[in-house]
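Several structures are given next for inspection.
Across the two complexes that follow, chain A remains constant while its partner is chain B and subsequently chain C.
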Partner chain A sequence: MRPPGRRRDGGVATAVMVLPATVLYTVMLIVPVGLAIYLSLTDWDGYSAAPAFVGGSNYGEVLSDPEFRRAAFVTLLAAVVGTVGMNVLGLGFGMLVSRTTRVSSILRTILFYPHVLSALVVGFLWSAILGTNGAVNSFLTSHGAKLLPFLSDPDWATATLIAVLVWAQFGVSTVLYVAGLQTVPQNLLEAARIDGATKWQTFRHVTLPAIAPVVTVNLVLSLITLLKTYDLVVSLTSGGPAGQTQTLAYLILWNSFHDGRLGFGSAQSVVLMIVTAGLALAVTRLRRRADQGAHA
Partner chain B sequence: MRPARTRGGIAVLGALLTLTLAGCGGGGFADSGAAGGGTGSIRMLVNVTPNLTQDFWDRLVAPFEKANPGVDVVIEAPSGKGVSDTLQQQLAAGDPPDVVETLMADPTLAPQLVDLTGEDWVKNTPLAQEASLGGKIYNVGVGEQAQSLVFYNKTAFTKAGITTPPSTLDEMTQDLGKLKTAGYLPLQTSGDFATGLQLLQLTDPALAAATPQFYQDVRAGKTTVGKAMLPYLKLYQSWLDQGYVDKNALGLKYPDAETAFLQGKAGMFVMGSWFTASEAKAKKDFEVGVFAAPVSSGQKSPGAQGATMAAPYLIMKSTQHRDLATKLVRWLVTDQQAVVAQLKQDGNFRTGVQREFTPLEQQVQKILDAAPAKVAQGEGYGDSTLPRGFNSAWNTEVQGLYIGHSPETVADAVDRWLSAHAK
Partner chain C sequence: MTTATRTVASADLDSPPPPAAPTPPKRAGRDPLRLVLRALVLLVVAVVMLVPLYLLLVNAFKDQQDILADPFGLSGGLTLDHLGAALQNPRFSIVKGYAITVLFVVLVNVFSVLLAGPAAYVIARSTKRLFRVLMVFFLAGTFIPSQVLVIPVVYVLKTLGLMGTIPGYVLFETTLTLPFSIFLYAGFIRTVPRDLDQAAALDGCGRIRTFWRIIFPLMRPAVATMVILNTFSVWNDFVNPQTILGPSSGLYTVTTGIYAAVGQYQTDYTVVFPTLLLAIAPLLVFFVIMQRHIISGLTAGSTKG
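Then we have the complex of A and B:
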């Protein structure tokens, strides 16, 4: 049994150690979120000295706004399809380059390279490639083929945006999967091989359960990254054609700063924050159940 | 234990509320500012573009600093997407600049600005009266940007058999057809902001003649933007249907459209006078001409010219160097050398100010001089102002014509946006 004085010292020490993190967490997270919630209840335009309190009217407008609904659809589509794409590609390439050889090291660098580029650069790069006068269409039309509306047709533009998002982001998934795959116990893989398991059976029953926590992390990270897609929209499609590729983050920034409706934009961002947190929690819980099932 | 957690929660909430209110209250909102002394540091938030580089701004103010020892003009480039959102961030942080370039005063911004109405020198600056708000002048500018201009490929016109540029929209429609027959893309456009802007630029003269008090009438509910613009939306739709405008143009960035026109692929390109700066730099094997945007049949030609203030300056009321900031702004918009440097850098114009013109710029100056009036364009300025964000909302809806929306649907959507954003 510890003497009472020592226990008190320990409590003080703990409090002192926790204090910096608590202050940082409060200043960097709780205060901005609190501010966003507060502003979402006002009509602040970013300039006025005294924003008027408007209650929940911003939220009412957000939920009935067709532009918000369209942006929410595009965002969710990009998040779901993009998450699947990033993880399928990430895991596939991760398995391809998980063994450390000279070639795989070079390949890892190449695969990660798109992520190093600024999303703005990536957008401009791909618009130069896929735009109406871009490299691909110039090649097609000069060979008598029909021009492809990568960025000028709403459906094509949405698909192009998602594909470029996956291209720009899958490097991170690959790196995480490579790290995860290197922790898979070699003796289990060896045992499966001796037992005559096929490659698919080995992957399904040995590798996948072993990297389950990495899959969860990757899914959540991908989802959160894609739900706040902004800069690639700016540089690739500018939200067009006809506003059809606007994402929620793009719309929030546009409403807040371009249109001078910070109160309304804050309400949109609070809704996005809640949806993101909900989806991230749901994915984490589903994955945890799957992990428990795999280990059972 | 739950009670302890609740107490902790209340404490955190209290702290949060305090910080929130402090954050909003300390945001550099309007105060009276101070006249300040004869020396000090003036912070100027400016627009930085490929033409207006940081280096250009530094060189521009250097003579002022030299003539005023002890004065340091600190040029600030936008840290956000543009000047507008950077100013918002700086205001929220309680750290606004002394002078702002690019923004036009509107009812939202006006309470934060120094009223320059009493200054004698402002009255001779371009568009100062037109951009006044409630009889008060907050903006002073260096020159004018002509907006309602149609640049054209002279070779294409010759090949299409067009001898005189069109003066009415009907004539322009006929000429677009001739250009198509001659193998040219009749009218160059792009995605980005250009789609809607071009339609506004093109129709400003006709609109000004049909609805002389357009902005006031819209604000007073006597007409709506959708109703006033519907005939022009229908015209544009007919051009799309006839292939006079490329339906895939939305896949182009604005600079790509400029390049495509300067490569000689298109017959006409509707744009503001800043295009002359791009034209001057381009290597091409044809000559570019320009004419004032046409009017509707029966209207007097040339019509009023859509115009905006070039390089508008504002002084923030919160400045601690009001006199010095005023002296700087006065110098920027009245000193001959400073004015010419700014006009030349961004392809702008000012009646009575001579500078070295390219042949195309000479034509633009003639159009400006011949215009019977100057009218606000897009969101407008001063008392002729539509809600902030109108330009982009209009642009989005006009692009809807490309993806199958009818002119009526577009007009309705614009009016819905306006009624939702009207204060």
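Then we have the complex of A and C:
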């Protein structure tokens, strides 16, 4: 027999189990998203209790700000080139190390390890290697060669930044592709081989469709990760030379905390959030057909 | 996206592919040129990946002029002086940094499990629309880039009086773990038979007891994955501790401490290399020992982004 109060007790227990997580998540993540939108319409400096409402003027300034445009260009360049690099290398090496042998396993570990280091450490390490007095340039000059401006020339520095991003991240794509490749039905590969398909034909018509969902996840993940690049810029280039390698996340935090323009920074954050969500959705949309092919 | 995540998550990297049909050996050995080329490519990439680590290791034990004169070699001899100096850096005590970071890692992991576990249980077991909506509500959080949220989070923490405090930082880091933890735990709990819950209820267990006594002990693989993910993300986080705790609090994690110790002194390699080595050594040793579990855990969890 169920005592009359039992149902309500069950409700209390349910609330005790669900509410703490829900409340914390709402206060610390959902409210801030709303606040970012609100603050972007104000001139908050981080200290004043009552920020003044300034309407859309922050957004107008964001879109006409040459610094913002340059940072947006660098960020998009890094995101697109980096995504292509991470995925081409990730899939290529994924295929080379997907077997379950000891050597493959060690190679996967070697490709993956930079991901467990903080991006800040990776940046400091590479700046000690590629800086003007860094290991590579010391080696070059002591052997009579000329210095290479890896971090001191704007174009070189942008290329270096993207290369280091790919160096640190493509191991993640690799292990994700390995996991995907191990699910490709062996009998299909076997059938293709018996039918006399070339390696490229097998890859194009059997492997690639079978791992389509993994490709999508990888593309979206790389894009999202690269769009919010911050730590590596801090330690590798400090945004320099002359602010040429500032990414959007770097510029946002710089404007907000160094310049004390949190309202302006919030407007930039909102733009970045919209661009990130838009690009992630667009890629998912574009890949939908390929994904469905995989399930057919 | 969800389907793909599951596919990836379920494939354990080091277990043999299910219907194991090994490539016929004659095929692999057919073209020696191809084999050599393949080995060469793999060798080159392994060197490119490992050279930075090698430079970090050897240069941590060398004097500045030896690093500059011969960065790749050992001609100048080795010394422990600079490693010792890095250990006693007055700007940043790395030992204290380890302790504080480990404390944060433990607190975030404990709170994350305490909050996400029961919530995921209710969501997984309920057929009510309310809880399906709640799952979607939490899932939305996996797509919010936390780095650019730090401004409004500062505002919220100031309002709550938690800015610059350990509870404020730990609560925010815990929040960042919730969306993906709840998603992963709920998926896992759905695979546990409901008969177990009913048997516990018949024995007079309430819902909370049923979860902690019966279900939670079965969730070990999912909890292990999340602990690995959370440990790395808390250990390596830079923006959040730097902003929320700030230099004025005197509370340095390993990452913010490195920034304080190395950021201004990037050309003094006798500071840079030993400090970076000390910062990554524990994590790298942990990774090498646990790499199989870590890679499959991170693979399962990397949709967190």
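Quick notes
What we mean here is this: the second predicted complex is superposed on the first by the 260 of 296 C-alpha atoms of A that agree within 3 Å, B and C clash if a C-alpha of one lies under 4 Å from a C-alpha of the other, contacts with A are read in each partner's own complex, and residues count from 1 in each chain.
One rule holds for everything that comes next: contacts are C-beta pairs under 8 Å (C-beta built on N, C-alpha and C of every residue); 3 or more make two chains touch, one makes a residue touch a chain.
Here the structure is a predicted model, which is why all the values come from computation and not from measurement.
In the three-chain model built by superposing on chain A, chain B clashes with chain C. Once the two complexes are laid over each other on the shared chain, residue contacts for A:Leu147 go to chain B alone; chain C is not touched. Touch criterion met: A:Gly243 reaches chain B, while chain C stays clear of it. Look at A:Ser48: by the touch rule set out above, it reaches chain B but stays clear of chain C. Partner contacting the larger number of chain A residues, of chain B and chain C: C. Contacts of A:Val81 after superposition on the shared chain: neither chain B nor chain C is touched. Contacts of A:Phe257 after superposition on the shared chain: both chain B and chain C are touched.
With the shared chain A as the reference for superposition, chain B clashes with chain C in the stretch 240-248, and the other listed options (96-104, 240-248 or 294-302) are free of clashes.
Common to the chain B and chain C interfaces on chain A are residues 30-31, 34-35, 39, 46, 127, 131, 133-134, 234, 253, 256-257, 262. The part of chain C that touches chain A in the complex is made up of residues 1, 3-5, 7-8, 11, 13-21, 23, 38, 41-42, 45-46, 48-50, 52-53, 55-56, 59, 67-72, 114-116, 118-119, 121-123, 126, 131, 134, 137-138, 141, 143-145, 147-156, 160, 171-172, 174-176, 178-179, 182, 206-208, 211, 232, 235-239, 243, 254-255, 258-259, 262-263, 266-267, 269, 272-273, 276, 279-280, 283-284, 287-288, 291-292, 294-295, 298-299, 302-303, 305. The touching residues of chain B, when paired with chain A in their complex, are 12, 15-17, 19-20, 23-24, 27, 29-30, 80-82, 84-85, 88, 91-92, 108-109, 111-112, 191-193, 246-253, 256, 260, 387-389, 392, 396-397, 399-400, 402-403, 405, 420-421.
Residues 9-10, 13-14, 16-18, 20-22, 24-25, 27-36, 39, 44, 46, 93, 96-97, 99-100, 105, 107-121, 124-129, 131, 133-136, 138-139, 142, 167, 171-172, 175-176, 178-180, 182-183, 185-187, 190, 213-214, 216-217, 220-221, 224-225, 227-228, 230-231, 234-235, 249, 252-253, 256-257, 262, 265-266, 268-269, 272-273, 276-277, 280, 284, 291, 295 of chain A are the ones touching chain C in the complex.
Partner chain B is touched in their complex by these residues of chain A: 26, 30-31, 34-35, 38-39, 45-51, 61, 127, 130-134, 147, 149-154, 157, 234, 237-244, 253-262.
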